[in-house]
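The structures come next, written out as structure tokens.
Next come two complexes, and both contain chain A; in the first it sits with chain B, in the second with chain C.
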Partner chain A sequence: MSARARSFNEVLLSVEGISLSFGGVKALTDISFDIAKGEIRAIIGPNGAGKSSMLNCINGFYHPQQGAITYKGVRRSQMRPHEAAEQGIARTFQNIALFRGMSTLDNIMTGRNLRMKTGLFWQALRIGPAEREEIEHRRAVEEIIDFLEIQHVRKVPVGQLPYGLQKRVELGRALAAQPELLLLDEPMAGMNIEEKQDMCRFVLDVNDEFGTTICLIEHDMGVVMDISDRVVVLDYGRKIGDGVPDEIKRNQAVIDAYLGVGH
Partner chain B sequence: MASSEPEPAMLGPFLETLIGGLLTGVLYSLVALGFVLIFKASGVFNFAQGAMVLFAALTLARLTGAIDGREVHLVHFIVAAAILGSALAFVAWYAWREYVARGGGAIERRRILLLAAGGALIGGVVAGAYGKGSWPLWLALPATAAIMGVLAYAIERLVLRHLVNQEGIILFMATLGIAYFLDGFGQTLWGSDIYKINLGLPKDPIFLLEGVFEGGLLVDPGDLVAAVIAAVLVVVLAVFFQKTRVGRALRAVADDHAAAQSVGIPLDTIWLIVWTVSGLVALAAGVIWGAKLGVQFSISLIALKALPVLILGGFTSVPGAIIGGLIIGAGEKLSEVFLAPILVKQFNLAGGGIENWFAYVLALIFLLFRPQGLFGERIIERV
Partner chain C sequence: MLYREAGQFKTSYGADQQIFPILQDRIFVLLVIVAAFLVVPAIASPYLYTEILIPFLILSLAAIGLNILVGYCGQVSLGTGGFMAVGAYAAYNLWLRAPEFNNLIVVFLFGGLMAAAVGILFGLPSLRIKGFYLAVATLASQFFLDWMFARVKWFTNYTPSGSVAVGKLEVFGVQIDQPVERYILILAIVVVATVVAKNLVRGHIGRSWMAIRDMDIAAEIIGFRPLRTKLSAFAVSSFFIGVAGAMWGFLRLGSWEPLAFDINRSFQILFMVIIGGLGSILGSFLGAAFIVLMPILLNQLPGWLGVKMSTALLSHLEFMVFGAMIVFFLIVEPHGLARLWSIAKEKLRLWPFPH
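After this line comes the complex of A and B, so read on.
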């Protein structure tokens, strides 16, 4: 179980001095780290450490009171989620957030939403440019469906799918946007070993084949240490570790945070 | 309502009542559709839908000059401003699209301002030319549409957006407040007389199938035209929401706000579209009901008729609203005509009024046995 030794030069996203609080509760305190283009970056930490809050800041759901996020060289302190999506940030959620009434196919199609350009009129009539566009997007979506091996549930309303498949569809929807940065919030939570292995394979393949930068939150240490290039560790809203998996494994603060220390 | 005595040959009167009921039902569907659109996209039960219908009807009636000899300068002024606003809004919308498509910039910003100024100028000229008299329908209709659009936008922007993620009951109370405000404000603006809207529809009743039934089947051509308009509108909306990108986005928003945002769907824009569309649906309903019954306060109570329609069809289903409307429309007419005489005969009751409660009793029965309605999503709560 050793990390894949890869090196990256270009920084895709950097987080500088982010602090976020809800009323009197401090969720994040002065967090800084960066995500390099092409890497798999993991955020780990005990429950309530602020991992999801961090992801929500990057994605624009939360607006940190202090600090800034620089993405593709553009520095910003606030961004709305749909703007993040327009700039190539896609994500999945800890508690699956699919459009339950729609089929697998339609769910993944929504991921293409931003890439559709033809006017409403043509779309409604389904002729001319709209039809060509629809076909083109359908092709892209079918490729994703093949890639994730969910052909057999294409037309099934996702509400009826088992948990593991729902997670996969959610990944598919995020991939459909062809993101540059993919945020995965506990993609393997609640899965059995086999499902976890499948998901690991998909994450690695996405990273390898499409060159997508991935930032993931995960609790399974075996998985994290196996697939990620670098790991950042949060505890009580503070950063307590940052480095390649081997460093993290030896980091005393991290070990204490996970195992607990007598005070 | 015309209640004909049942004759030995019941089929003729039955069909006649059924047709009349279905035609009314289409109009119920139209009002119900306004509810469904907003409920689907934002989870708000918009009690103000009926008030919006009344407001639209009042506006149109007043613009087409239903009051003789009364000139209200303020009103004209407001109307002029509304057209202006409409031109502005449309232009801004168009420019915004351009703006986004080209990545934005100083030139686009200047162009938006320029177009907005142009829109204002056109609005001013039109208002100046027609402002003092009564407006022709072709002008009054788009102006009313514009006013409804602006109104819907204002409701969304000023009230509901600030209540996002609040309890359903709070949102409901907010729309209740809006409903009463609109009912009153419409009268403040346009007066409280009963107006007429003249769409120039034929008035003489048509007789169908005279060869088959004695005397034929009597159908009101006004109802027929209204039903056709409503049906076309329903189909257009259905296509819009099922087949287009915006439609898919709307369904996505309805299912999960956060997920919709994460795939790049702007919530504000979708809500704005939905409210505007429901404002336009209110206009269509207002015009048709106004032409049928006259524009008066009771029109806003039609919204209450849409409630049982929604319970029948399911709060989130467009086809449900259509079918529900037809069932209620036909059911209440049939019950009035055929159930009432039986009650009178058998139990010596006074009879009438069945039309008023039939829909609600049907809805109650549905609530007991099929609370999600005919087409609604099944309500399954995990514990």
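After this line comes the complex of A and C, so read on.
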């Protein structure tokens, strides 16, 4: 049974007929689904199903050959990643993509870079507006650090942190941008049960406290069925299921994709 | 024991974000600056100024500039000599053709700005090419600029030998002539430039450079624009290098030809950055000190020890020992002298107690 029976009306993002191929390899074929404002939407599927490609299309890193994406009522076919960031889409990566030479604090501060406007001149002198801006954003970042309970590693270079904490810092960097839509690419991969529980709690809290819409890719079915409101299932680049977790569990195509079909 | 931050509590973000959060560091740096301005002029000889202090300070500034590009933004450049030449010749032409601007501060700023413009131009390929390939592209800029200042006679005011000379230098009406005056002017410029560089690398602009360096794809997805970020690093870096080039021409050499800024200069400054520590302002100074001082030290050492040897043997030995030392340092600490210094500080926090 789904733990969270909620209903949503407003569509934040909708994907219509997306097809993406690399040379002769079709990564995605005619995918359509939508993400409602305020929900936790999961994308699942076996390895190579095209889940990460889907996220890369949503935040403008890949450009699908066909189809369109409508975000906040604006339809677009091509978009640069920084434009997606400016419109409030933030993400984390499957393989941690932190800035390894920088401290936890600096990494999370980079999440607020789009909001930091003071120019070269004031930055060079570091007085007046530059210093005020830095302190104002530091305050916001410290709130995220408190929220994620990583105060003790604030000034540690992220390259020295254990894997679970790095994942958490990466979530913090995405949150620092105060996104409307947060894309999480396997936020719990490679974690032990306790770290997974912590991460689930953070994801749910982000959704509850900040009202952030979340789209996540995850392989742990227990986690997916517990925390998501609706689930999309991809297999070999095609959509084979879409619905609330209870429907997905009973969907024969999904069961076949995961368990294999007897011949 | 001496170097302990125990009891130094920060109660505001401003206090926590200052350049030197630890009291002992602040005192130490202040003492060094005061000594450089007040004590050195009282005791130094002209030789010390012209052969050691002035080259050290100017090349430190060039190393800071290159470190911004290579160490902070991760864009390898072998065009440093060329950008120094742009600074020097731009400054020379302003000084020559507009005598009403005979104020070295204005002249040097102009040299720096011209170098920044040329740096942006040669930084454009960095959007598409990375790593070693970018190094080759910047090498092309070095050869092009070398060629330009040797062949386009306008830059050297049509002097037959291609050598240019400057004289009667002023800052706000004050004559700059004696070594000590040149030293003080250079020191003041380098101190200000260092503070500016430090402020830039610890603010949001510096973070954008480091983000591009550490993971450019993630940086783009967070919202950094790669081209704008890289070009800003090229511009700021070339500005510092251009000012250093102008100072090298005006205050170190006095008269120079394009050979003063050839490919060897580029390598020399790149070595300073690598040995001093990539991504460290302090490392730029340590690297410059190592490269400038060590050959002189090696040259003088046998004499001090009372060992007699021919000058030819001495200069060969100097090269060999110097090369061996570079290899040794890179093996012991690939992150440079700056990292050695920070490790030493870590140890000093506990010393002399074992735990």
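Going forward, the second predicted complex is superposed on the first by the 260 of 263 C-alpha atoms of A that agree within 3 Å, B and C clash if a C-alpha of one lies under 4 Å from a C-alpha of the other, contacts with A are read in each partner's own complex, and residues count from 1 in each chain.
The working rule: a contact is a pair of C-beta atoms (placed from the backbone, for glycine too) under 8 Å apart; a residue touches a chain by one contact, two chains touch by 3 or more.
As the structure is a computational prediction, the values presented were derived from the model and not from experiment.
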Partners on chain A (chain B, chain C) - clash or fit: clash
First (chain B), second (chain C), both or neither touched by A:V233: neither
Chain B versus chain C as contact partner of A:M54, first or second or both or neither: neither
Touching partner for A:E131 - first (chain B), second (chain C), both, neither: second
Chain B versus chain C as contact partner of A:R139, first or second or both or neither: second
Contacts of A:L13 with chain B and chain C, given as first, second, both or neither: neither
Chain B versus chain C as contact partner of A:A42, first or second or both or neither: neither
Chain B versus chain C as contact partner of A:E86, first or second or both or neither: both
Which of chain B and chain C A:G101 touches, first, second, both or neither: both
Larger contact residue set on chain A - chain B or chain C: C
Superposition clash, chain B versus chain C, among 44-52, 80-88 or 98-106: 44-52
Residues on chain A lying within both footprints (that of chain B and that of chain C): 59, 61, 81-82, 85-86, 90-91, 93, 97-102, 106, 109-111, 113-114, 116, 120, 123-124, 126, 173, 177
Residues on chain C engaged by chain A in the complex (per definition of touch): 12-14, 17, 196, 199-200, 202-205, 207-208, 210-211, 213-215, 217-225, 232, 236, 279
Touching residues on chain A, where the partner in the complex is chain C: 59, 61, 81-82, 84-86, 90-91, 93, 97-102, 106, 109-111, 113-114, 116, 118, 120, 123-126, 130-131, 133-135, 138-139, 142, 173, 177
Of chain B, residues touching chain A in the complex: 101, 239-240, 243-246, 248-249, 251-252, 254-256, 258-267, 377
Complex contacts: residues of chain A adjacent to chain B: 59, 61, 80-82, 85-86, 90-91, 93, 97-102, 106, 109-111, 113-114, 116-117, 120, 123-124, 126, 173-174, 177
